[in-house]
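Heads up, the next two complexes both have subunit A, just with different partners, subunit B and then subunit C.
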Partner chain A sequence: MSDLPEIPPDDDEDFGTVKKFCYVNRKAPYGTVYALESLEMVLIAAAFDQDVSVVFMDDGVYQIKKDQETDGIGMKNFSKTYRALEGYDVEKLYVSKESMEERNLTTDDFLVDVEVLDRDALSALMAEQEVVITS
Partner chain B sequence: MSKLHTVNKSPFERNSFDSCLKHAEDGSAVLFIEDGVYAAVAGGDVAARISEAAGRLKVYVLGPDLAARGMTEDRICDGVSVVDYGGFVDLAEAHDAVHSWL
Partner chain C sequence: MKFGVLVNEGPFTHQSSDSAYQFTKAALEKGHEIFRVFFYYDGVNNANKLAEPPTDDRNLMENWSKLAEEHGVDLVVCVAAALRRGLNDDILAAGFRISGLGQLIEAGIQADRLVIFGD
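On to the complex of A and B.
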């Protein structure tokens, strides 16, 4: 995964204010470019040592479906990058319970460990963020 | 005129799926491609509408688009056939016209 942004060499570099960033992913991967662009924004925020949370809701839950195999459609399989988020200290990953269930998915279908939140819990999580970017 | 309908949007996000099923005449074919393939996954909120459609339409889903999205063939609704790109071409050739529900 040579195309990932470089992790800053050490934490001695000071990027100033740390804000609570929340990226809310609502779109399926591959059909549009939103999922990939959002993932890149997450990596950039993480590279600047921000406090990052990532939410998967609506069709966004499909982004972290296991076993994606894109050879047949000639597109880059970026799903493995979600597994690399841990290395950037992005460990707060949340999935909407309702969105998951509507699509007959369970946490076993996901390629990363997530915390499942119902609608009220998700609302509360988003309400406490300083920057929320939904895509 | 026999028609092949194609749907490329997720049924959870757009209503192309529902509009297509409501307007497709009995006996015509519907092929789910790109994000449209999520419609063919069993057990979700859309599955009942697919089963109903499979009774009067021929329903297909494009295999490479399913695989890209991590959906294996064992998760597909009963009555839906998986085709590859060659199958897509065959379907287009076998019908008088293609109607794309973008």
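On to the complex of A and C.
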């Protein structure tokens, strides 16, 4: 998997504590760097054995859209990395029901298995997190 | 309370860095602890000592350095984000250090609250 962002640990640090980290991705995969660098943060949290959840909402739902084709814009297609998350024990992936439906998407359009949550359920999910990082 | 601070935007285009600086300063003045300020995305540009804003404007880079000097605040710049944007030790402002993203995770773990400044 040569297109994985470089991972980690500067050394074998083990922080000894596990917290609930939730990453909220709200922006389209290309056009800005937010999606790519957010993914790097997700992988590092996983590398440090944290309890990681990832939420895709607003245009962030496009980050996990199948069949991304980036040759025309000269960008690296990093969408395969989302499929590798499972290998880092990042299995809690959530999609905003409203954001998905507003964009005429269904779970069949995504390249990873996700759980679809409505606003209230997402709100409850975020409330139980200890660290929420929005990008 | 013990705070971690994450700065996700650059020092001029967005208000985020100024807000992060003002929050950090206010928290310290109120007697709170700042475990670390971590700079990510374009936030790494807060650490560029080559920046020269007009003299009648605030100099955020200098302000951060002063905060580090006076309060010993740990100012950490993400190495991957920094190198991508041409920032390295040669042009790093005083009081900052460059390190890995693990430092952000540690801030999330150690702080009571991780406060994020971005868009």
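We take it that the second predicted complex is superposed on the first by the 122 of 135 C-alpha atoms of A that agree within 3 Å, B and C clash if a C-alpha of one lies under 4 Å from a C-alpha of the other, contacts with A are read in each partner's own complex, and residues count from 1 in each chain.
Here is the rule we use: contacts are C-beta pairs under 8 Å (C-beta built on N, C-alpha and C of every residue); 3 or more make two chains touch, one makes a residue touch a chain.
Computed from a predicted structure; not experimentally measured.
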First, second, both or neither for A:68, with subunit B first and subunit C second: first
Partner chain(s) touched by A:128 [first = subunit B, second = subunit C, both, neither]: neither
Partner chain(s) touched by A:104 [first = subunit B, second = subunit C, both, neither]: first
Which of subunit B and subunit C A:50 touches, first, second, both or neither: second
First (subunit B), second (subunit C), both or neither touched by A:58: first
Subunit C-facing residues of subunit A, complex: 5-6, 8-10, 13, 15, 17, 19, 21, 33-34, 37, 40-41, 44-45, 47-48, 50, 130-135
Touch list for subunit C against partner subunit A, complex: 6, 8, 40-41, 80-81, 99-102, 104-106, 108-110, 114, 116, 118
Subunit B residues within the subunit A interface of the complex: 8-10, 12-13, 34-35, 38, 41-45, 47, 63-65, 67-72
Of subunit A, residues touching subunit B in the complex: 27-32, 58-59, 62, 65-73, 75, 77, 79, 102-104, 109
